[in-house]
Amino acid sequence: MNQAAPTAFAPHIERRQKLGALWKLLFLLSTLVGIIALAALLLTVINDSFGLVALQYEVDPASLGRDGRPLERLEPDELREILTARLSSGLIRRLESEKPLAERSREQLYDLAVERVAKLQVIESWSLAQSLLSRGEIRRWLEENHPEALLKFRSWVSWRFLVQPQASLPEKAGVRTALLGSLWMILIVVVVAFPLGVGAAIYLEEYARENVFTRILQVNIYNLAGVPSIIYGILGLAVFVRLLARLTSGALFGGGDPATANGRTILSAGLTLAALVLPLIIINSQEAIRAVPQSLRYSSYALGGTKWQTIWHHVLPGSFDRILTGTILAVSRAIGETAPLVVVGASTFVTLNPTSIFSKFTTLPIQIYQWTARPQAEFRNVAAAAIIVLLVLLLAMNTAAILLRDRIGRRRREG
Amino acid sequence: MQLTIKHAEDGDSASARTAPAQYAIQTRRLNIHYGSFHAVKEIDLSFQKNRITAIIGPSGCGKSTVLRSLNRMNELLPGTATSGEVLYHGRNIYDPKVDPVEVRRRIGMVFQKPNPFPKSIYENIAWGARINGFRGDMDELIEGSLRAAALWDEVRDKLSQNALRLSGGQQQRLCIARSIAIEPDIILMDEPASALDPIATLKIEELMTELARKYTIIIVTHNMQQASRISDFTAFLMVDEGRTGFLVEFAPTEELFVKPRDKRTEDYISGRFG
Amino acid sequence: MHKKLRLGELVIQLTLLLFGVLSILITAGIVLTLGEESLRFFASGEISAWKFFTAAKWQPAIGEFGILPLASATLMTSLIAMLIAAPLGLFVAVYLSEYANPRVRAVLKPILEVLAGIPTVVYGYFALTFITPLLRSVFGENVVSIYNTASAGIAIGILILPLIASMSEDALGAVPRSLKEAAFALGATKLETSLAVVVPAGISGVVAAFIVGLSRAIGETMIVALAAGAGSALTLNPFRSAETMTGYIVRISGGDLGYDTVDYNSIFAIGIVLFLITLVLNIISRRIVRRFQEVYE
């Protein structure tokens, strides 16, 4: 045996351990970067969603009162009078076409009066941090520059925000149409992609044989899962919007709105997202089905079950919780998608609720995109509020997914 | 069943074996828990320097657990709790002030399934030497280690080849070479030949006997013949009703196999159970 | 009765097969529409393929169709993103795989999943309202313009960080414990084992993760649309605005587009380039993962 010098080794254990501790710190800090980024993001959103606003009337509502009665106490007829007197004929025509003034409630008329005649406007808004920390400064600034303005604390996320439609003034804007659009989208995606996706997965896992065709199919699905979402938008534009315009615009069924005769409808958008989400559902469902033990299938066959009976009564129930979770996650991904929908042609200004799948559409992320892109500071606030709504929606869906999976999983295990 | 009895070899006089005991490592009242499971209890063993000690017993009796406690490898499994002492050169290696890295440098280990790194044969040995601050001639060290592991002639002209391309027996000898390159005191071997064919096994056994001249070897084996063939001392472990392992008997191999003191030992070695 | 059952089974099988074939239809749809419209674009006589890839100006209004400015902007944002996400992602993976105890993991992994689940438009908002002002206050307002590729790149980096981290962690976690034990038994520290044994053993999975991250960064749209700027510019300065390929597609298609204008067709030309790049990257990454799996089988 090689008799080396007493020891040719100088292990320097302490030094190596110190180096190890240093690197461990580095690794830990890397994880903290992610946490800090998340915190910064959430705080920024919250910061912009709440804060002080300076409100001012262009026309003092007090001057609109009659017989000593303030504006909010006037009768609908009187309100209608004021509106027709003060607003431009063009505006009146547009309002009438949306919904005749005669049919609007007193609340709606009052809101209109405040919005269009008195024009209560936000002339300045501040973030939460500023509102909490520099309240005094803000007040002073306001007294100097806008002595008549009111200073109020406003939560940009509010019930009103949820039920108001899009508007050109940020303080009046709401996400109603966007929220409905998103919900319609979920519906179409689930109805289309879920059966197709699970069905394809069943085929690949249970029926398909190991041949070239199957491999091509499988590789194809993996590739599709990695295609950027905007490419799906281009696909949707060319195929659903343009090529199948007669179908997607509803012209084929005799329905449809001339405004959407070009095929830029909820249906097109939904189909585009369904195509995007389909590979994800397939891959997830395949994994879920693969996880079902073979012994389960064999027992079913041994009792004389056919292949489909085995699948329907044993394999699917055994993988359903995972399939469901994966689908919900895929759908929540679809909810957050913006780029493909912009390409497919989301409308920039939709005030009316979508009435059918052949309507114009907008969704929450699209709204966020549009509002964020506007230069006025107040749009930042509504964008932040919309982000909160979106995140809450996503949180709800993901929580539902996890809860459902646990409940279904538990019920199956405990019979 | 034939038991081969270890005879005194040339140059290895009977007196040397009964010389004043010098223990390389000892355990005192060693207890090991995996979470709430009591794996082994009250193990008292003393392993003599430059001798081969075998630990035998039925499956699940904690042989590997005891072996791995000797170089604090069991700590790598989360939830392991060790109480008692393991004395190495008189110091308890479980003392909080002792760095396990230092312990493992001096008490090496060879595993049941050969686990060479997916690197070249040369690198497998060189890496261990390098992190332990080797300052000498690396080529010399590699050659020396491979010779001592009886592998040099087979790999001398393919040192840069990936170690995974060697046969199982060769890989295991490489792992042994890797361990001895850093000049340990004690080499622990956890069923080193159980994954190998009989010829490779024989080579490993010959190697162990050779290595015992320079190192202390402690080996866990489920093969009784192997234990009786090569070891100087044997410890026999068993499980109680609670599946906790305990030491039944510890004696020079000849005594244990020919004239066991405990009936349970006798039952085991005559194949009545286990 | 036997025959009827069989027929039913066959129908079901065919139906499901059709569902699967649908996925091929989608791919065919993508390839065909992109290809056809791009052909129309190149055939329109206004632009040759050579100039498309090499000319340095992209101004469709005056007939300039060089993709270089858009491509370089895409490259810059992706590179900045990878500079952040690749090392950090790997470090996070090492920490989660080698150091973290179960409790820490139970906290960290959900946080990473949340980060990965936030819609990109929100990241775009974050880039515009937080990162850009931060950069401007650190580097100065005349150095950093309001729209710049650095902001977008950083936001994309944070976006893909969890992706790279989780894929790398899977790769590192698949390294057999026996290798780690071998290293420890030689008296190696945890750091030495992690860096010299675990990471090299799992390196193909890590590289595959990087490639997937890069592909995702290249295809990213909303963050650059909001934060990187409109109007193409060929510049290497990350603090200036520049439009990426994806940003251009979104901007043009968001406006009022007449079909069969050169603008409309140019979307497809850029689209096909984007599609091919991400496709190639994804194929490479999967091939690496497959080779990696073979090593351990």
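In this document, chain identifiers A, B and C correspond to the written order of the chains, with residue numbering beginning at 1 in each.
Heads up, the rule we're going with is that a contact is a pair of C-beta atoms (placed from the backbone, for glycine too) under 8 Å apart; a residue touches a chain by one contact, two chains touch by 3 or more.
Remember, it's a predicted structure, so these values are computed and weren't measured experimentally.
With chains as nodes and touching pairs as edges, the resulting graph is complete, every pair of chains being joined.
Each chain gets a centre from its C-alpha atoms; the one nearest the centre of all protein C-alpha atoms is C. Looking at contact counts per chain pair, the maximum sits at A-C.
Once the centre of each chain is set as its mean CA position, subunit A and subunit C turn out to be 21 Å apart. The distance from the centre of subunit A to the centre of subunit B, with each centre set as the mean of the Cα atoms, comes to 62 Å.
One simple way to say how far apart two chains are is to compare their mean CA positions; for subunit B and subunit C this gives 51 Å. Touching of two or more other chains is recorded for residues 101-102, 105, 131-132, 182 of subunit B. Multi-chain contact residues of subunit C (touching two or more other chains) are listed as 187, 189, 192. Counting partners per residue, subunit A has 11, 13, 16-17 as the residues that reach two or more other chains.
Contact residues on subunit C toward subunit B in their complex (touch as defined above): 101-102, 176, 178-189, 192, 196-197, 200-201, 295.
Within the complex, the subunit A residues that touch subunit B are 1-2, 4-5, 7-14, 16-17. Remark: subunit B residues 99, 101-102, 105, 129, 131-136, 140-141, 143-145, 147-148, 180, 182-183, 214 touch subunit A in the complex. Residues of subunit B touching subunit C in their complex: 71, 73, 76, 78, 101-102, 104-106, 108-111, 113, 115-119, 127-128, 131-132, 175, 178-179, 182.
Across the complex, subunit C meets subunit A through its residues 5, 8-9, 12-13, 15-17, 19-24, 26-27, 29-30, 33-34, 37, 87-88, 91-92, 94-96, 99, 108, 111-112, 114-115, 117-126, 128-130, 158, 161-162, 165, 187, 189-192, 195, 212, 215-216, 218-222, 225-226, 246, 249-250, 253-254, 259, 267-268, 271, 274-275, 278-279, 282-283, 286.
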